[in-house]
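First the structure, then my questions, so here it is.
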Amino acid sequence: MLRIKELVKRYGEEKAVLKNLNLEVPGESVVSIIGASGAGKSTLLRCINRLVEPSSGSIELNGTELTKLEGKALRLARRRIGMVFQGFNLIDRLTVMENVQSGRLGYLPAWRAVTRKYPQEDIDRAFHLMERVGIAHYADKRADELSGGERQRVGVVRALMQEPEILLADEPTASLDPKTSRQIMELLRALASELHLPVLINIHNVNEAKEYTQRIVGMRFGRIIFDGEPVDLTNDAMDDIYAGVPAEERGDAESSTHLREVAAR
Amino acid sequence: MVATTQPTGPEAIANREWSRYTTKERWRRYGLTALVALAVVWSLSTINIIWPWLWDAPEQMGDLFARMFPPSLEGWQEIGWTLLETVNIATIATFFAVFLSLPIALIAAQNTTPNRFTLWLGRFILVSSRSVNTIIWALLFVAVFGPGVLAGILAIIFRSLGFLGKLLGEAIEEIDRAPIEALESVGASRFKILVYGVIPQVMPTFFAVSILRWDINLRESTVLGLVGAGGIGIILQGAIDTFAWQTVATILLAIIGLVIIGEAISAYLRKKVI
Amino acid sequence: MSSTVQKTGRTWKKPPFIANPMLRWGLLIAVVAYVWWAITTLPFDWERIQDGVPRAIRIFKGAFPPSFIRGELLFDGFMESIKIAIVSTLLGLALSVPIAFASASNIAPKWLYTIGRGVIIVARSFHPVIVAILFVKAVGFGPLAGILTLTVYSIGFVAKMLAERIEEIDWGQVEAIRAAGGATFVTLLYAVIPQIMPRQIGLSIYQLDSNLRASAIVGIVGAGGIGSTLLNAFGRYDYDFALAITLCIIGVILVSEAISGRIRRNLW
């Protein structure tokens, strides 16, 4: 269970990017977060694993208060949170297996990490997951030799190797073509149910959100203004979330507009 | 480049002007040229050259080359072995310098250094190493350890640290942050982030720069002997001092051969690494 | 998430950099053997080296604090180095341009290309100190030898870089001028020179800095400049003056490098 209370994020003296956010994500649910660019979706996700420092507020994961942790305690907590990135964020020159095993770096002793002598249990786990997502035959390939969809699968396996209590996905399909995009979304949904994992996904494409997730949270200017099931997402609700945003940017995963967003971030 | 402002009307079309530079740009160019010319004139007029020697120079050089021809094969064995010694000095020194430069580069790079003090220390080491020429290092080490190859090896190591450390440090500062972010998110310690996120990204540069420096060090090693720090320089100095110009010619040719081979190997290896 | 995972019995090892095991081990053994052989055959005079530490202490004691008493000598030496650098850079640049053109495979005919590249190779192969010694023998001690040495040094670097740049130019621009009826010289002026100008300017500034450093060094063999001053100091065991000179050299190099870097950065 993830519990966020009164989360505020402010950069310097400027207006807050996240304003008194409250959100609860119980175990085993797939929640998508939608909103126009600048709404704060990415900031919210990164506050949870402290890649971005919250200005104030509380974030609690299964009883642990995440905002107060430092140093080693923070690293231990981060082990419990898996993250999948829009840009995949793989280590290009290393093999798929090493990338996947890097998810265990929070658990591995240093000498094993350096010598790449991974414990048998981790190797078994890796092959099991890689086969589940369909990339086991790439184990020895360099990460930069894979296609976009394949790379994102590696990212997903890496996150799952942590045996996390929650999975965060920051626009995982924004850099992928529509077909691959759906494959990844389907994968995330299936894995969430198989592994009984709560998943929080930032999505740019509202149709995908409606189709693959059970609960949609709509953000606008740092606040949550919609929280309900996909069926409840009426056109009025969409207008509230995306008001002022040109039609092409809503519900669309067209890369050109999104890349502009990413560049502006 | 600019077109000057136009009057209007039919006559105007006949009288339009164009110039490549604005007036301001033109003055700047004249100014720069004048500055350069001034520098050259000042240098030439105040420099301590005995002008008759300059006019004499072509004839003197021709005379010298004539005396070097044909190159003599006398003592070629000693030349060969010393050449090998020169290669060894360069290779061993580069070998050690490469390993030493990695930790220094890590503390001299803003994104991997533990604190401000280590950053300053790392940068200081690199700058001192680079600013003191290999020969000066050699002079110092000859004074400390006496003439011989140890002085030469140390001189090359000390100079190479700065070169390698600077380029490596820049490579470390320019890495892609995305994988680093991912590694932070899984809860990896700083050390593991270094091993998995930083090192793999700078590996190609590391090898390329090391090979490049080896190539440069080959050249540097040829002159260490001139200050007593080992290598073929000693024989060269000896031959010059005894006016054995034909032996000198042989040694020079051997050096050219060495450098060319070294460059060929170096270019080949660097291509394989990319 | 469940922690019980089926055992697959599969193992994994990181694929080695060199696939062929014979080649890999062979290379490793060769490297270790070489390092061992090289270190053991290099003639180390251990006794002399052992004397090194007390010697080092003596030298450092003598070197501190650095003495600027003979400051005038220092200043003169530097001025001479600067003049050597200026003249040789200009001369070197002037000569590098035609040599670079002669060494560009897309501009020069084969025979000229071989000569041009040959000149560059010879100019680059010799450490400037060796070239300095030869020039000192030919034209005598003093800055003249230094200027000639650094001119050759400049050509070795600038002509090579310039030739590479010329080989990389956009050939379309040359074709366009030729098609409009331009003769060789005009084509060079309009199609080639503008493309290589930025690189040429950057190289010039870099080489000026480079020559300033090098002039400190070639002086050590008698080719004028601050290097000669340093050599004399070492010879007279004037370690404190030597330290002063060295510190100044370092300072000047740093300043020169900073200025050179700043100018080149503003160029782009």
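In order of appearance the chains are A, B and C, and numbering begins at 1 in each one.
The rule we apply is simple: a residue touches a chain if its C-beta (ideal position, glycine included) is under 8 Å from a C-beta of that chain, and two chains touch if they have at least 3 such contacts.
These numbers come from a predicted model, not from an experiment.
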Quiz item: Taking each chain's centre as the mean of its Cα atoms, which chain lies farthest from chain C?
Solution: A
Quiz item: Given the two chain pairs A-C and A-B, which is bridged by the higher number of C-beta pairs in contact?
Solution: A-B
Quiz item: If you average the Cα atoms of chain B and of chain C to get two centres, how far apart are those centres in Å?
Solution: 4
Quiz item: Using the average of all C-alpha atoms in each chain as its centre, how far is it in Å between chain A and chain C?
Solution: 50
Quiz prompt | chain A and chain B, separation of their C-alpha mean positions in angstrom | solution = 47
Quiz item: Which chain A residues reach two or more other chains?
Solution: 98
Quiz item: What part of chain B is in contact with chain A in the complex they form?
Solution: 176, 178-179, 181-189, 191-192, 195-197, 200-201, 203-204
Self-check item: chain C partner contacts - residues on chain B that touch it in the complex
Solution: 36, 39-40, 42-44, 46-50, 53-54, 56-57, 60-61, 63-64, 85, 88-89, 91-92, 95, 127-128, 131-133, 135-136, 139, 143-146, 148-150, 153, 219-220, 222-223, 226-227, 230, 236-237, 240, 252, 255-256, 259-260
Self-check item: chain C to chain A touching residues, read off their complex
Solution: 1-3, 5-15
Self-check item: chain B-touching residues of chain A, taken from the complex the two chains share
Solution: 49, 51, 74-79, 81-83, 85, 87-94, 98, 102-106, 108, 110, 113-114, 155, 158-159, 162
Quiz item: In the complex of these two chains, what residues of chain C are touching chain B?
Solution: 34-35, 38-39, 41-45, 48-49, 51-52, 55-56, 59, 79-80, 82-84, 86-87, 90, 121-122, 124-127, 129-130, 133-135, 137-140, 142-144, 147-148, 213, 216-217, 220-221, 224, 230, 234, 246, 249-250, 253-254
